[in-house]
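Look at the two complexes coming up: chain A is in both, with chain B in one and chain C in the other.
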Partner chain A sequence: MFLYNFKYELKSLLRSKWLFLLSTILLIVMLFAGYNGKQKVNKRIEDFSKITAQTEERDAVMLHVLDSLEKGLEVNMSNNLLPNNPMNVGYRYPKVAALQPKPLTFISVGQSDLFTHTVQPKIYGDNFSYNYSELSSPVQLLFGSFDIAFVIIYILPLIIIAFSYNILSKEKEYGSIKLLASQPISIYSWLLQKVTFRFFWLTLITSVVLLITFIINGFDFGDNMGAFLSLIMITTAYILFWFAIVLAINIFIGNSAKNAVSLLGIWVFVILIIPATVSQLANLAYPIPSRTKMLAEVRNVKKEIAEKQDKILDNYLRDHPEYASTGKEINYSFWHRYIASQNLAEAELKPLLASYTEQIENQQSWIENWQYISPAVIVQQSFNNLAGTSSAHYQEYKKQVVAFSVKWKDFFTPLLYKSQPFRKKMYKNLPMFEYQQPKIASMTFNAFIILFFSALILTFSWLFFNKKSEKGTLIN
Partner chain B sequence: MIFQIIKKEVQEILRDGRFKISFFIVLFLLVASVFITSKQYSSINEQYDSAEKNERTVWESQGAKNPHSAAHFGNYVFKPKLPLSLLDQGVDKYTGISIFLEAHNRNQAQYSTATDQTALSRFGELTPDFILFFIIPLIIILVGYNSFTKEIEGRTFYIIKSQGVDGWKLVIGKWIAALIPTLIITTLLFLIAGIILSNIKGFGVFSWSSFGILYLIYLIYYFIFTNVILLISSISKKSGIALVSSLTFWVLACFIAPKIASNIADSKYPYPTQQEFSENIAKEKSEGLDGHNPWNQKSKELEEKVLKEHNVNSVNDLPFNYSAYRMQKSEEYQAEIYAKHYKKLKNQFKKQSSIYKTLAVISPFLPARFLSMSIANTDYQSHINFSDAAEDYRIKTQAFLNGNTEKNSKIGERYVASADTWKDLPRFEYTPASLSEKLNENTSNFVILFLWFSVTGGLLFLTNKNY
Partner chain C sequence: MIKTTNLTKKYGDFIALKNLNLEIKQGEIFCLLGANGAGKSTTINLLLNFIAPTSGQAFINDTDVVKNAKKTKSFLTYIPENLMLYPTLSAVENLDYFLGIGGGKFYKPELEAFLEEAGLQKEAHHKRIQFFSKGMRQKVGIALAIAKDAKVLLLDEPTSGLDPKSSNEFGELLKKMRKNNVAILMATHDIFRAKEIGTHIGIMKQGELKHSFATDQISLQDLEKLYLETMNLNEV
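Presenting the complex of A and B:
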């Protein structure tokens, strides 16, 4: 019987040009989305190469000057800029702390449009003042990007709804359901087979379309097969979830137009209302600490410590440390006091800033737990994690940049205290930044949760089907 | 006759259980969103007030110090939350809330809400604008998708025709009936918002005329949606097809077109990265006058020029503190560099705006969204105005501080200004653009919206079916 059903469905699908239309729509939107994602990644790589090239060029000049200084030759550089002063190297020759794109970054823009991917921590200034936000038009941020994640999360369910909202109700409306009921197969099995068949084709088409998009974007399957398979696994589970809903609605409600309206209502709830509500509830449970209030508090602390700092250091030089040395000799005692004054500011601000970071992290972890309330949110989080564009990735990046900036300062401070100049041979020991990926939720677990949702819906629909059959309201 | 058609349609709508459920859900969501947003609005404004006062106190109580030190201590200006943001938050979430103003540097606004939120908030937020722009059109679809198809499917079209009703009367009746639920929801929302806004203490720049225009913009947006949905219903043969087509239009207009526009705008007219932007400014700054460096080429040129003007041989003979004068000139020079680079950004956005306007051909959402944000003063232009006002204030502050040193001290002197100097600095004032300025800025968006309305309206009347 299954074979008959399979043949019948395939014939009717091919006749109605459903498969062709579906494949074409999906291929076009996916290719466009992939192209958009890839363009953003390419720009990121290009920006990184530019800044690395600039840094290398600067460093080459510095090494050349150091070489001349160590050989006792004259150099063509202002005294206050000479790189034998460790503070000058720490300030003028910073390393790039970059967040490099992952192989799958092009699938989801996530939070990547909000943040910068290259920061250059320097020895002056406090960690508090780093600006991690990227320069972009807020209108673009508001509208978001047309990426693969958008196609899968938003558009794929609509395609499923548009093409399958009436699978059972159509039979009712055409009167063919009575004919079906007289066949030696339960209507539920028949419906399940029909849905399974459509699920199979849509998954196949989506996977092939994704494969084509990935090949065109030069994805390296050899090294990243696991990530690609995770993407397919999550997508498949998500498609199954929507087909389970379609099946349930076809059983619950018996009229094509009503089915479509109800399915759309569910789409709006799962994709728009639930995430928006969770987001609002998170604000109630863990209100985002007001940055306005934080700035006011930072100002108060800064004002208080300014007096203490004045005792350590003249306020003019504190604002302009670059003018501390004017002669050829390095003014080590100034720099000792400068570091002391900086440390004072950092120590005083640390507890205040930490309390703010902690509150934000609390809210984010609350949301992470609540993501499981909607499959759409799970898919979004999973894609962002695969792409390395999730909030966690950027939170981790900020933390690692701060840690790196401490490491960078710690490299030069001992030289100052020992009154040692920076030498050419020390260059290779300069700290380098390497981003460590944060721990992310297992993709298999996420897929399992979505499957659990589907199983739940299928069970309910089966129970409801039996109830309706008993009452005899399924056919009439 | 029109009235009878409206009555019949409304009765049918009211009989529909799905409509009742949806209507109450939307109403509940709206009330919840207005409640949450107004709470947030008041708390943000309280914080804004106290932060502003605190900042001024901190600034005024710096004690005796060198004015240039005070310039480095700087001051923060905070962006006020404006009353109509209660209805449309616009891009507020993506722009920073405060700008640090200091000597030598023009900083960008920092701490946008979006950077502190998780990716979840990118799905959308439960705010009135989210419901007004995305959910209410769904109510129109729900009410109107089968407006004509149901008459064909139920074979009632002939009965209606046999009553001698004119085609255009039928269209008008159905059009008004399809709009009634939307009108009720929208009017109710604006009423609640109006009551809340008029009860907020010191709600400053709130104007009822802006409020009225905003209401009108949403109405036109819904008129267009009603035109399109009824048009689809009138040319479709089955309710199911009409519904799917209407939904396709909704997704295309509200979700896909804005995203496509955003991608095209970004790839055609990209912004420089933060790194590039700062690097370019730093490079130009290093080539020009440096207030702290008397040995640089431009500094020497300035010195020569000033000596010549005052007919003296040494800066010590000048009647003012030359180093403070040079500092001020350098500030002015650097401010010009910043202005030039920020102007480039603004131009880039202008070019991007043309892409949004072009794509408005497939989406009435785009012009309506831009208009609504603009009238509510939550659009990008309003943010640009605020940051320009902050920059003006920064330049004036530097002139005030350098002027103080210039007048009251001599070159080479370790000058300390008295503790009461700081309160002489005028406070930062920011007046958002007026309604007429906003209307002028948005003429093209209004034209596009009216075109949408007239073309879809015209088509609806032209496709008046004959069965």
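Presenting the complex of A and C:
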């Protein structure tokens, strides 16, 4: 039966132009989605290249000036730009802290393009803790642009539904089921094979279309084959899940029109309602404090601190005797007061920022825990993780930027308080930012969970089938 | 070859078939006559194990149709009122498919020979079924029976809607099958065709087999009279 089903199902599909239509639709939407995602990634790369080039150019000038100053030559530069002053280096010559796109970022841009991916922490100004608070909900990162993830998660199930919503009901309505059932075969095996072949063809077409899209977008398969295969694995599991649903509905309902309506209802439930509910519950369980209120509080704290900067400096030097006892007379400048007051401001604002971070992290872990109730959320989370655009990636980036900002300040503070100049040889010791990828859930585990859903549905469909066979309502 | 003992099917309080005892031997054509809802199709559905009996037993080639459904189906061919084959496949391909899924393997010339034996013109062998008339589709069904070397043929109103010429051709094919020792059970409304091709006739009403006799024991006029009397008798 297997070979005959395979041969004639393919013939029927080819003659009815279904495979051609399916491939064409998928190819068009996938290419457009790939192009769309790539454009956003290119913009990010462009921004990064631009800022990196500017930084390198500025650093080259700085090194040249330092060289001249160390040789005792005269330099035509304003005092507040001279790089032998460590505070000028800390403020005027910052390094780039970027969250660079991963090779697969273009597959799942989501709404990540709304966020800052390239910053330059300086010795003056905020440590960037406040700058990211626009990320009110990690769920917002889940669904967004018309990218490859959108095509796979939203459009592919619709194609599967259109392709197979009447796979059994058509036979019943047309009348061929009786002839089939009079053959010495198991109708369940026959149906399962038919669904399996359609699953096989659609998976093959999707994989080929993805391959073409990736090739066109210049994807480097050599270094990233594992990531590409993970994408195919998750996509295949997701396609299987939808075919299992289609099979169950065909057995359970058995009328083409009702099948179509039921499948669309399930599509809305799995893809729209469950993620939206998870998001709303996350907001309800862990509401994020008002950003306006936070900014007002930040301003108040800073204002209070600015008013008592001398006292703060005294306290700071008491806490840091290594800076106070230099043995020589120091004229405390704006920078001395600023650094001291900044530390106090950060200490005072820490609980406020922590409440934000904590709620966002709580929401994130809520999503991570509840993602498993919908394969659509699992797939989106998996794609975001592969693309490096997940909330976890962005939270990690924020943390690392804040840490880098502290490191940057700590590099210059001793030089300031010990009245030491910045020297050319110190350049290579300047802190550099390198983003460390966060630990993410295993793709195989996610695929396994989706397969578990499929197995569960297939078991139920088999039970429905037996019940209907006993009643005789499957054929008549 | 076909045997039922006290075969009964109930749907709640409604009795679709009541204690049917039937035996059709090799080379016999048993025509079941009766109005709609008389139990003709229920009998065929029970023999095909499409529905489970409430009580009683049915056998095809001495094999219980419930206990060994797959095995009994390998002995029979079923031709419903509208034989719906796959419209995008040709006659040869449909034949190949339905034989293939059941485990049969035939080469193209053999398939063409079966179709020819069933009376389907050569030009139609490789045409898509979507362009076939009902009579042509029924011939593909007969070819399926020939190819399977079926011992039993179950026909559910196969001539309804066929023009007289096609109906006659179909009758001749059944006679040919009978000569090959096939046991045939045909549910029909067509008294004339039943008398003409049947070896035995049964008249059903409200799930019961009211009369059963050999065709040569009765004239067409008497058959028609008996049929009408049976129908009217039950209505009074």
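Just so we're on the same page, the second predicted complex is superposed on the first by the 418 of 476 C-alpha atoms of A that agree within 3 Å, B and C clash if a C-alpha of one lies under 4 Å from a C-alpha of the other, contacts with A are read in each partner's own complex, and residues count from 1 in each chain.
One rule holds for everything that comes next: a contact is a pair of C-beta atoms (placed from the backbone, for glycine too) under 8 Å apart; a residue touches a chain by one contact, two chains touch by 3 or more.
What you are looking at is a predicted structure, and each value in this text was computed from that prediction instead of being measured.
Looking at A:Glu470 after the superposition, I want to know if it touches chain B, chain C, both of them or none. Which is it: first, second, both, neither?
second
With the two structures laid over each other on chain A, which partner does A:Trp190 touch: chain B (first), chain C (second), both, or neither?
second
Contact-wise, after the overlay, does A:Ala181 reach chain B, chain C, both or neither (first, second, both, neither)?
Touch status of A:Ala181: second partner only.
Between chain B and chain C, whom does A:Ala306 touch in the aligned arrangement: first, second, both, or neither?
Touch partner of A:Ala306: chain B, not chain C.
Using the touch criterion from the header, give the chain among chain B and chain C with more contacted residues in chain A.
Chain A has more residues touched by B than by the other partner.
So in the superposed three-chain picture, is A:Gly222 touching just chain B, just chain C, both, or none of them (first/second/both/neither)?
neither
Identify the partner contact of A:Ser262: answer first if only chain B is touched, second if only chain C is, both if each is, neither if none is.
first
Using the touch definition from the top, say if A:Tyr8 reaches chain B (first), chain C (second), both or neither.
Only chain C is touched by A:Tyr8; chain B is not.
Which chain A residues are contacted by chain C in one complex and by chain B in the other?
On chain A, the chain B and chain C contacts do not overlap at all.
Write out the stretch or stretches of chain A touching chain B in their complex.
32, 36, 39-40, 43, 47, 50-51, 54, 110-111, 114-116, 118, 120, 131-146, 150, 154-155, 158, 162, 165-166, 256-258, 260-262, 264-265, 268, 271-273, 275-280, 282-283, 288, 290-293, 295-296, 299-300, 302-303, 306-307, 315-316, 319-320, 323, 360, 363-364, 367-368, 371, 376-377, 380-381, 384, 389-391
For chain B, which residues are in contact with chain A within the complex?
18, 22, 29, 36, 40, 43-44, 47-48, 50-51, 54-55, 58, 61-63, 65-66, 68-69, 72-73, 76, 78, 90-91, 93-98, 103, 108, 110-126, 130, 134-135, 138, 142, 145-146, 239-240, 243-244, 247-248, 251, 255-256, 258-263, 265-267, 270-277, 279, 292, 345, 348-349, 352, 356, 379-380, 383
Contact residues on chain A for chain C in the complex?
Checking each residue of chain A against chain C gives 1, 3-5, 8, 11-12, 15-16, 174-176, 178-186, 190, 470, 472, 475-476.
So in the complex, which bits of chain C are touching chain A?
Spelled out, the residues of chain C in touch with chain A are 45, 48, 50-52, 70-71, 73-74, 76-78, 80, 82-86, 88-89, 93, 96-98, 100-103, 141, 154.
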